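I have placed the structure first, in the form of structure tokens, so that the comments after it can refer back to it.
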Amino acid sequence: MRLAKLVLALAAASCLGSSVNAADKVKVGFLSTLSGPGAGLGVDIRDGFNLAIKHQGGKLGGLPAEVIIADDQQKPEVAQQITEKFLKKDKVDFMTGIVFSNIMLAAGQPIFDSKTFFISANAGPSQYAGDQCNPYFFNVAWQNDNLHEAVGKYVNDKGFKNVVLVAPNYPGGKDAMVGFKRFYKGKVGEEVYTKLGQLDYAAELTQIRSLKPDAVFFFLPGGMGINFVKQFVAAGLSADTQLFAPGFSADEDVIKAVGAPMLGMFNSSHWAHDMQNAENKRFVADFQKEFGRLPSLYASQGYDAALLIDAAVRDVKGRLDDKDAVRKALEAKRFKSVRGEFKFNTNHYPVQDYYLRVIGRDDQGRITNKTMGTVFSNHADAYVAQCKMK
Amino acid sequence: MSEHLLEIEGLETSYGSSQVLFGVSLTVAEGEVATLLGRNGMGKTTTVRSICGLEKAGGGSIRFAGQRIEGWTPDRIGRAGIALVPEGRQIFPNLTVRENLVAFAANRHAAREPWSLDRIYAFFPSLEKRSGNLGGRLSGGEQQMLAIGRALMTNPRLLILDEATEGLAPLVREEIWRCLDALRGSGQTILVIDKYVERLIALANRHTILERGQVAWRGNSAELDADHGIWHRLLGV
Amino acid sequence: MSEKLDLLLDVRGVSKHFGGVYALNNASLSVVRGEVHALIGPNGAGKTTLIHVLSGALPCNGGRVVFDGNDLERRSMHERVTLGLARSYQITNIFTRLTVLDNVAMAVQSRVRDWGSSFSFWKPFSLDSAIIGEAHALLAQVSLSGMANRLAGQLSHGEQRSLEVALALATKPKLLLLDEPMAGMGPEESERMVGLIEHLAQQVTILLVEHDMDAVFRLADRISVLVGGTVIASGSPEAIRGDAEVRRAYLGDEVA
Amino acid sequence: MTQLILEQALNGLQFGLMLFLLAAGLTLVFGIMDMINLAHGSLYMVGAYLAAEVTQASGSFITGVGVAMLGTGVLAVVLEVVLLRRLYARNHLAQVLATFALILIANECVRIVWGAQTLMLNAPDALSGPVRIGGFLYPSYRLLIIGVGALIAGLLYVLVARTRIGMWVRAGASNREMTEALGINVRLLFTAVFAFGAALCALAGAMLGPLLAVQVGMGESILILAFVVIVIGGIGSIRGALVGSLLVGLVDTLGRAMLPAMLRALFSPEVASSLGPALASVLIYVLMAAILFWRPEGLFPARA
Amino acid sequence: MGLYATTTRRRIAAVFVLLGLVALPWGMRLIGQEFYVSFASRVLIMALAATSLNLVIGFGGMVSFGHAAFFGAGAYCVAVLAESGVTSAWLAWPAATGVAAALAVFVGAISLRTRGVYFIMITLAFAQMVFYLVVSLKTWGGDDGLPLLQRSAFGSLNLKDDSTFYFVVLAILAFVLFMLDRIAHSRFGRVIQSIRENEVRMEALGYPVFSFKLVCFSLGGALAGLAGALMANQAGLASPNLLHWMQSGILMVMIVIGGVGSVFGGVVGAVLLLVCEEAFVEITPHWQIGLGLLLLAVVLWAPLGIAGLFGWGRNRE
């Protein structure tokens, strides 16, 4: 076995060569959830990311881009193993792609320890926004609580009095509840916690029916949310109860799967495919042309992540070894986002607007999200004060 | 070419690496009752298990109704017309008496007077009373009757009984003997294994004695009746 | 008649039924220290069931078993062996994939009271020369010395039966339950086994279940007859031979 | 409150009957051939994928279900004849591992054919809404599942308890050799039973597809539940499988619904909210361990 | 020989392999592939876990389908202790071993009442209970697992260094293998192997079979706990996936591929499986088909695993 390992290592070494001259290309380690119930999210981020590189002619900041893609299977320890390989074997310059916060937290420390920049296209754990904020972590999406906060504020403003909250029984789920309740001040009928990965909600729906709430807010990522909405409608609850969700439970991927039952559902987002800026129009049109579907907000974030790297590499003229320069360039954010303007806060999380969307039919008859209005303007997250980074 | 229904020639059978049968030859003619005798562990059960395909014959030939059947699967041999009443009865404990009987009922060889449930119940009246009981709840004697009835319901051309009366109370044993007498009267071909030599001499005509996996003696009832030395030497009685 | 004698095993009214069918029905039996006690009866009379009940492989549904002053109820199989009650099996039950020597050594080692604990994790067994020595001695006793390093599964039937006895013997029992030790043996092998049992009888009390009447009448000091789960007679070989009920129910015409 | 319990009981019944469809085939295979088939869950997955594919292509849910049952049955026959037959005589460890290998292979094949992403299967439009029963609304599709499950359970009961094939199956489970000696081709019978079990699996997959998600690995978690069911019920017993299914369905559903509220009455809200779901999710395993502790061969042991 | 036996030649070969493994970090540094040192640590830890299961299945004959529970228990124990400030390996690792052993005693005491399939299933049930309990406990990170912010400290030894950690793991594995070899030849080892061969006969010889099985089961659980403690350190995380039933399955696969009932079976299986995974995953994302086929082939044609092919383990018949 010793021999086998040596041979393997030598083979690997000869295949890859060594990457001493870092500046002749940009190496990005793209680690995301590409299989299982959460795969839809990772696939959209990947497609958005790749579309941006294509728009840049296969380059990032003028240098040839090499993107190594790997699947974390939504398992923290798999993510760690791949991260280790990216850092120590492939020696990537940037990493991106992680969808879920728990994966991010598992993989984060070694990335920062090796002084590699992580550009998050989705995961925005509160730890990295607050006391564990890090100079090597940038988030182009949001802080996890933000979308829940936006829904909470809207539900509160609209005067709903009795809301049932549904989330999986895991830290992300409990954080979502906290985010919602930060701006919703009315009565919470019940906080229902489901098993993570649960797909049958018969028992929960029965419970909700007996509570007779006027609104239900749920945070159930991926396939969980799809099933919840379908079963919610099938149980006849939609007649008396308004459904609310953060944008990720009501985006194009979910709409495609659920269809008509989602009509009339409210959700929050910081981006929508019908935003009218030029960059977004081009992005949405090309994405549809390339992949034959409407982009989701994950795709938009993947697209922005690539543009951020592109701008930073261009800024430092390829001198990727100068970590301070790269960081300053990233903080400067010299590109135009598809969501319009946003800027980085001191914790490298975005300060941006959040919108309310409703699901309806567009002029072509497709069921899709329509932007209703702005809930928050220039909204920052609740944790930035705990971040000691300057 | 032969009037024998069953014709075994040079049968050899082994369990793993230890050989049990060393060239056993045996014939049973249509309509006769034959016996297989010998002390414990001499190969009687192995012989009938080999006939039924439950043990793989390592050598020799088994002909049944003109066909070579060694190497056939047990179910094919069963359908060809051999029915076994095994040692220890082995009725299905989780089936009722009725189910034990009807589950395997068949008349593949167009018997003139096929066995039916009613006929079995008439033959073994005590079974009718237990019709709905699970097989596992029967007494030893009832189980043996059920096992015989189950075999008869397949309307076999050859009925094999391994230890026909073993472990039964004397009265029950007598009833089994009476049944076998009646079956012989109806022309059923039977190969029977048992320890009660005197009763077998009365029931059957031709006898084969096995000694350590080989045929040690064969002859008719009169010969066996006459030579008590054989009883003592080969049968341990 | 045997009240004043030194009872080693006292079986009092033991019953065992399997779903309504009685295998043992109020069976009583006593074995005196030092004797060879034979248990005979037709197949299916409950002999093996009784052995199972005595050795603890099956729980009984009623009655008591007292062995060497100990009530055996609720004693597990291995506790009974520790008390000095060992058995052989009717269907040979040895470790076919172990060597003959290992088979016996394993049995010798079971006597923790003599060797210290079997919960010894570190010391190689090959250094346990006392155990191995005794195993060799036992093999000599059952005439298997030459086979010590063969796999037990490769022995002939008769040799396996001898090994079976050696295993039971290795536990140094007070009472040895031998379940049909001669089953399936040829005359020569049977003869050898009878010799072995005669030899063992000088060291240990034996309860012998056997079909071979010649052997039974040769070996036994006393005989009990089990029919239909009940002991219908107990006594000297002569008394049993002359017992009318025994003749009717079991021996019948077979023993003329 | 009674209405709440009644509705939850219906949910439990629906879940239990679906489990029964899986457990029935598994317990028969287990009972007759003493074979642990971990790949049973893969057949369920294949059934669900076939149903989703055909339903989408043909637009008819019934066609989808039919083709799924047929296709999975055929696949099962191939699998049984080519591979599983060789494992009957092997020990349980070998069976566990060989069928574990089948799970890996099946998952990757499905991934190659249908991709890694979840496939969506919708209930027929006519059944996508609720119906009113008594005083409350209940999803009509779930009622259909209860109906189908009960129908199959009844059918299986008649098949096993009243027909000759059922007798052969029971006889084969208790004593294969004797069944063969009486002229029954147990090997063929078993292939048929296996295919039948697979078709039931596919039915469960197709019926649950619209409720759950059609995805790679969907078979594994439910497979474990099916095993729990048959172990509780007693391996090889159809009646045991039914009782076990309903027990697991009800305990799981009612546990999830009632336990958090009950705990809240006993403990502080924080303790209750973290303990409740934890306990609810292990309830059925506690049930199984308890049953095995007192009845090490399950509730209705098939073998005497 | 029906019982496990080691020959001198095999011992010499083991020493050579050990020397090679000791040299590995320098070799990797030479070719600039330090990544593989950390990979090798992971392989050796899995080898330790598989070896612990081999003690239970291969030597004790108890087909446990819940071994992941003990593996995970060790990992969580280290992580929970680290959370409360106990980072000394001298404390945390024995504690992990002890907690896993205690859990194994509890699970074993109940499960060993059952036989065959029921034993397989009840061990699985207990593992599932542990899995769901841990996943539901927010204080232990639930589904996210519990991160280990720093590796345990062995006095002044710096385990943060991948090579140092590797050597510690290697030393532990080598010691455990040596221990297992000793156990296999000890009185106890002979008893459990004979119980595997014929449980009823051992009981009839007067051995308290249940106690022996329980001790063997718990010993296996304890070693799995130690492996789990190392795994948490290697990965920097106690993940609930360590407790998942698929993990139990993978460990079984390893020992079957390597060789059930052979001292080196677990090691051979773990190395083969993980190295193949590492190699194949570069070639095709569908490498699990290959793994499945390999496993099928081993089960059908080489029931004693790789060790059996080379005649390392116990012999059949």
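Couple of notes before you dig in:
Here the chain labels run A, B, C, D and E in written order, and each chain numbers its own residues starting at 1.
As a convention for this text, a residue touches a chain if its C-beta (ideal position, glycine included) is under 8 Å from a C-beta of that chain, and two chains touch if they have at least 3 such contacts.
All values derive from a computational prediction rather than experimental measurement.
The chains that touch chain C as well as chain E do not exist here; no chain meets both.
Judged by contacting C-beta pairs, the busier of the interfaces A-E and B-C is A-E. Taking the CA centroid of chain B as reference, the farthest chain centroid is that of A. For the pair chain A and chain C, the distance between mean C-alpha positions equals 75 Å. Averaged C-alpha coordinates put the centre of chain A at 36 Å from the centre of chain D.
With each centre defined as the average position of its C-alpha atoms, the distance from chain B to chain C rounds to 33 Å. Under the contact definition stated at the top, the residues of chain D that touch 2 or more other chains are 111, 277, 281, 304.
Residue positions of chain C with contacts to 2 or more other chains are 19, 153. Within chain E, contacts with two or more other chains are made by residues 135-136, 138. Checking each pair of chains for touch leaves A-D, A-E, B-C, B-D, C-E, D-E. Looking at the complex, you find that chain B touches chain D at residues 52-54, 73-79, 83-84, 86, 90, 92-95, 99, 102-104, 106, 136, 150-151, 154.
Considering their complex, residues 1-6, 8-10, 12-13, 18, 71, 75-77, 80-81, 84-85, 88-89, 101-102, 105-106, 109-110, 168-172, 174, 195-196 of chain A touch chain E. Across the interface of their complex, chain A is touched by residues 17, 20-21, 24, 27-28, 31-36, 38, 40, 42, 135-136, 138, 141-145, 147, 149, 235-237, 239, 241-242, 267-268, 271-272, 275, 278-279, 285 of chain E.
By the touch criterion stated above, chain B contacts chain C in their complex at residues 16-18, 40-42, 136-140, 163, 166-170, 198, 212, 236-237. Across the complex, chain A meets chain D through its residues 34-37, 39-40, 43, 71, 169, 191, 193-195, 199-200, 202-204, 206-207, 209-210, 222-223, 226-227, 230-231, 233-236, 257-259, 261.
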